[in-house]
C-alpha cells in the first residue's frame, strides 16, 4: 500500500494523558500528520508545550511544542479527528465534527453505545465499518464517528474473539485488576492506592458487560446484532502503572479442551488487510504457557504494547475454561487502538483524502 | 470465665514470619503462657532473639529474646502446641506431638484435608470439634490435631457462612488479590511484584476450593460431610503488604435480595461462647456500604485484624449476588485464627489442664 | 495533674487530611473536648460526616459525624483553636482568632517565621513559650499564636537537639525521603510516585533550613535568637505512605564519638513537666543499633507515632557524624505535635480556662 | 570503523539478573557474538533456557535458549569474557581467565580496588586503559582484567567528571536512593521494601567513596593516582524498580555559577573515538531544568538507558552546589557499561582478534 502524501489529522483533548499518547504516537506516523491540536478553553491559545504538563513516558515531540492549541471548533484543516475528550465534552463536540464532514475516531465513551455507531478493534470486527453508511443516513452527517472500546474490554475481547468464533461463548465472569494510568492524570491519588486495592471503578463493570457484547456482535445489512453473552464483571484498581490484568471464567456452547483453546488463540491472525496496517502487531494475541504469566509489568509492552497476552488457560470447575489476559491499557487500550481504527478506515477507502 | 493459672503453650516454627506473629500475640495472652519455642535444627540451641530475624511490625517481646530455641521433639512441658511449621515439616512433626498427648493447633496445610481432622473457624463451625474423638479413636492418639484454614479461605467463608446458613450456596466464583505477607519471609521478591500482578499462587486455588467446602460442611456422629458447592477460584498476588481482597459471585438455592444479604451478614454473631473468647472480635463480620469498600489497607485492621469486612453486595448478572471481602491474612487468617481455635478448645474443656 | 472539666477546643480546616487526624486524636483526649469543627465555605453548614471524605486510617469518631461544620469566624465557644488550615487561608484567619482572644495552636506555615511567634516542640524548646507575652504586646492581641514545625524538621531537630545541647552543631547536610501523606489528600498523584522518586518538594528545603535554626535557638528576655547553623537540605518524595526518613551529616564544635552521641541521645528525656503531658511519649528519642534501621514502615509507629527513631550513627568522612532519623509525619510531625503544644500551654497555665 | 567478522565473546554468570542483561544486549550486538554462556556447577550442563529463570524485561533471545551452559573453566573459544559473577566467585575465576590470555570485562567488585586494575567509564577516563600493560607485567598475565564501577558510582561520576575537569572537586556529600534491581534477583524481599525505605546497603558507601576517587583519578606512566576528594556517602534502598537517584552537595576549588555548571555539563561529549562506539549514547549527560527532574521512572531510559540525567543544579548553603542525578543502574550502571568498555578496548586495538 502506498500513500503518497500524509493525511492531515488533529487531536481533540490533546493536553490530557491520553491526548499526549496520541500526540506521541502520531508524531512519527507513516500515514498521518498532525496539523492541529485542540483542547478546552483553558488551554486554547497557549503553545502545546505550555498547555500540556507531560505525564507519560518519554518526551513530548520537539517540533510540536510550539504549535498553538486551538479550541474545539470544527474548522480544522484535517481529514481525521482523534478524540481524547472526556465523555461529557465529547457528547457535544464529536457530533459537531461529524456533521461538518470529519471522520472522528474517538476514544471517548459518549457515543460508544449508540446502535448506529461502530465500536471497533480491527483484528476482531473490521466489518463493523459497514455501520457507517447507516449512521450517516440516520443522522444526516457527511462525516461519521467510529469509537474504540474501553481499555479493559479490549483485553477481554481480544482474548475471547477467536474462541467465540469457533466455540460460541455463552457465559462469562471477569475480574479485572486495572492499572492506575487507566484513570488519567492526576487520576488516582497515591494515598488511595499505595499498599491497597480499590474494588470499584465507576461505570467500568457496565462498560465491560455492554461493550463485550457489541464487539463480539454481528453485522447484517449495516446493523449490529449484539452477541448474546451473559457477563458478570468485577472491576478493581491495583497499584500497577500500566497494563490491565483480567481473570476470566468462560462457558461455551461447544466446550473446547485446553489444547484446542490454545491452538485457536495461537493461530488467530485477523484479516490480511489488517496485518498490513502500520500500527497492527504481527501477532495480536500471544499465548504463554508458564504457570505465572501473563503479568502486567512483564507482558504489557509485547509487540509495542499492541498484543494481548493470554495465559493460565485451564479447566474451570463451574464454567468451562479459566484464563488470564493482560493488555496495555494506554497503548492498545486507548490511543494506539484509535489510531489503528483510523488506519483501517484509510485502508478501506473510507477517508476522503481529496 | 476464670482461668486460675495460665496454660503452658509452645510454638513450633517460632522463627518464621507466622511463628513471630504467634509469639507476639501469645506474649500478652490472658489464658496462655509461652513456655517453649521450637524450630528446625538450624535455629535450635540459639536464643530466640538471635535465631529469629524479626520481620513483622512491632518489636519482639523483650522477655522472650533470651529463651533458648528447642528442637522439634515432643518433650515440651506444654499443653497446647501451636504449629507454624512449613507443611512438609508439619507432616512428620505434628502427629508425633498428637501421639505424645498434646493438643496441636496447626496453621499448616499438612493435615487440613484429612477426613478426621477438624478445620475450624470458631464463629463458623465450632461444632466441628466433635471430630476430635473420632480422630483420636482412628489414630489411637491421646492428643489431637486441629487445623485452621488457609488465610484466603478464611476471608471467603466468613463472608459466606451466614448466607449459606439461610440461603444455601450452590455455586461460587472467586478471584483473589492476595497480600505479599501471605507468602512468608523472604517470600515474594520485590522485583516480581512492584508495579506488577502475579496471576498465580501455587496450590492456592485448590486449597480455596477444598477448604471452603470443609468449613461449610456439617457434622453428623463425629464425621464431617463437606458442603456441596461448585467453586471456581482464581488466585493472584498483588503489591499489598497485608490484607487479602476477594471478589465473589455466588448462586444460592434461595436467592436473597441485596438487602436481605446485608441484613443477614450484619446480624451474624456466632455462638455466645465464642463471643467470650479473648481473641474473638465483637463483630466478626463488618458490612460497609460505601461504593469503594472494603479496601485492604483501610479495612484489614478492623477489630484488631479479627473481623472480615464485606462490601459491594449487589446483583450478579450471571449468578445471584456479587460481593467483595477483605481479611487480614496474617492475623485472622493465620496466627490469631489458630489462637482463637485454642481458646475454643479451652472453653470447651478439651484441653487437659491438669 | 488533675483537670476537672475538659477544655473546649475547635479544629479549623477539620475536613482535610491533617484536620481529620486532629479530630481523630482529640475525640478521645483526656483534657480537651471538641466543641466545634470549622472549614471553608464549601463545607460550612454540612454535617461533618458529609463534609469530610475520610482518608486517614481508622474510622471517623461516630459521635462527631453529625456535628454541623461552622465557618471560619472567630465566634466559637472554645478556648483552644487547632489550625489545620492551608497557609494562605491561615494567614488571614489565625490572627483574627488571636485578636479575639483565642489560643491558636497552628500546624500551618503562615506565621512560623514571624520573629515573635514561637515554634515549639515541647521536648526541645518548651521555654520558647516565653515569646507569647512579647507577641501579645507587639500585636495588641489578648490571644496568641503558637506554631508547630514542618513535619520533616521535627524529625531532624528531635534527633539533633540533645547533641546540640552538649556538642554544639555548626554544619548540617540533610537529605529527606518523605512520605506521600505529607502532601495531604489527594496530594501526590499515583502516576507521579509509583516506581519513582520526585527529587523536589516546593518550599521544603527552605523550611527545613529556617525552622531548624529557630527550634534550636535560645530565648532571652522573651526574644528568640536563632541557632547559627549552616544547613543544606535536599528534599525528596518517595513511595512511602507515612514516615519521613532523613539522612544527616553533622559537624559539631566539640566532636563526639559515636558512643557519646548514642549515649546522649539515649539519655535524653526532656523536662519532667513534659513527660506528664498525655500525648508525650515515654521516650521521645529511640536509638536503634541494627545496621539497617530506622525504616519508615517499621519505626514510624513507635510510641504511638510520637517518638523519633535514630540509627546508623557513624563517622562522617567530611563532617563529624552521619546518622538517619525517622519521624511519623502526620502524627508527631503534624496533628499530635500541635496537640502536645496545647497540652504544654495548658500545663503552664497559659490557657484561660475560666 | 569496519569490523569484518564478529568477535567471539562469552558471559560468565550468565544465568543471574545481570548476566541476563548481558545476554540480551549482546544477542544483537554489531561487533560481538556470544559463543559461550558459563555459570556455576548448578547450572552447567543444562540448556540456557532451563538454567536461567528470566527476570528482566523482555524475553530471552530465542536462538540462545538451546545453548548448553558451560562451567567456569578458562577453555572457552572466545576473545572477550564478560563477567557477571558474584564477587566472591569472581575473585578466583577472573584471574584464571586473565592468566589464560582472555580480556576480562568485569562487572564484579572483586578486582575493582586493585592498584593495577583499571576501573573505566569510557566517556570519563578512557585513558585508564594505559594501566593494562602495567597489570600484565605485574602479574605476568597475557590477558587482563578491566572493571566497570558500581552502578551508583557511575551515576555520580558521570555527573561530576565534566565539573571536576574544569572546577576541581574537593568535597562531596552524596545520598543515594537506589532501585531494587541493584540487588539482583531475588534480591530485596518485597516485605522489606514495599511502603518502606531501607537506609543501608552493605558495602555501598565504601564503594562509592573509593570508586569515585579512582574514576576521577589521573594516569601517569601507567599508574593511577586517585583524585583527592573527601566524600561522604549515605546509601538507601527505595521502592523503585530501575534507576538510582543521587542527591549531591559539591565543593570545588574554583566555584562555578549554576549557569557555568549547566553549560559545562551540557557541552560535555567525551572523546570522538568514544562517540563512535555502538553502545555509546549521543549525549552521555543530559541536563534538565524543570524543578522536579530528574526522576528515575521518567529519566532512566534516556538514550537507551546509557545517559545520566542531571538536574536541580542550585547553590548549596554549605558547600558550593547541589544537584541530583539519575542513572539506569542495570543498563549504564552494569551490563551496558561493561559492554561499552569492551567496545573501547576493541576500538583501541587491545583485543587480540587474530
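Think of it as A, B, C and D in the order they're written, each chain with its own count starting at 1.
Convention: a contact is a pair of C-beta atoms (placed from the backbone, for glycine too) under 8 Å apart; a residue touches a chain by one contact, two chains touch by 3 or more.
Keep in mind it's a predicted model, so treat the numbers as computed, not measured.
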item	value
Pair sharing more residue contacts (C-beta pairs) when A-C is set against C-D	C-D
Same or different residue numbers at the chain A/chain B copy interface, by half rule	same
Of all other chains, the one whose Cα centre sits farthest from chain A	C
Chain B-chain C separation of Cα centroids, rounded to whole Å	40
Distance between the centres, which are taken as Cα means, of chain D and chain C, whole angstrom	43
Between chain A and chain C, centroid-to-centroid distance (C-alpha), Å	48
Multi-chain contact sites of chain A, meaning residues that touch two or more partners	194-195, 239, 241, 297-298
Residues on chain D engaged by chain B in the complex (per definition of touch)	17, 55, 180-181, 185-195, 239, 241
Residue ranges of chain D in contact with chain A within the complex	57, 194-195, 241, 297-298, 301
Complex contacts: residues of chain D adjacent to chain C	171-173, 175, 177, 194-200, 202, 209, 230-232, 234, 236, 238-241, 245, 247, 249, 291-298, 311-312, 316-319, 322, 324
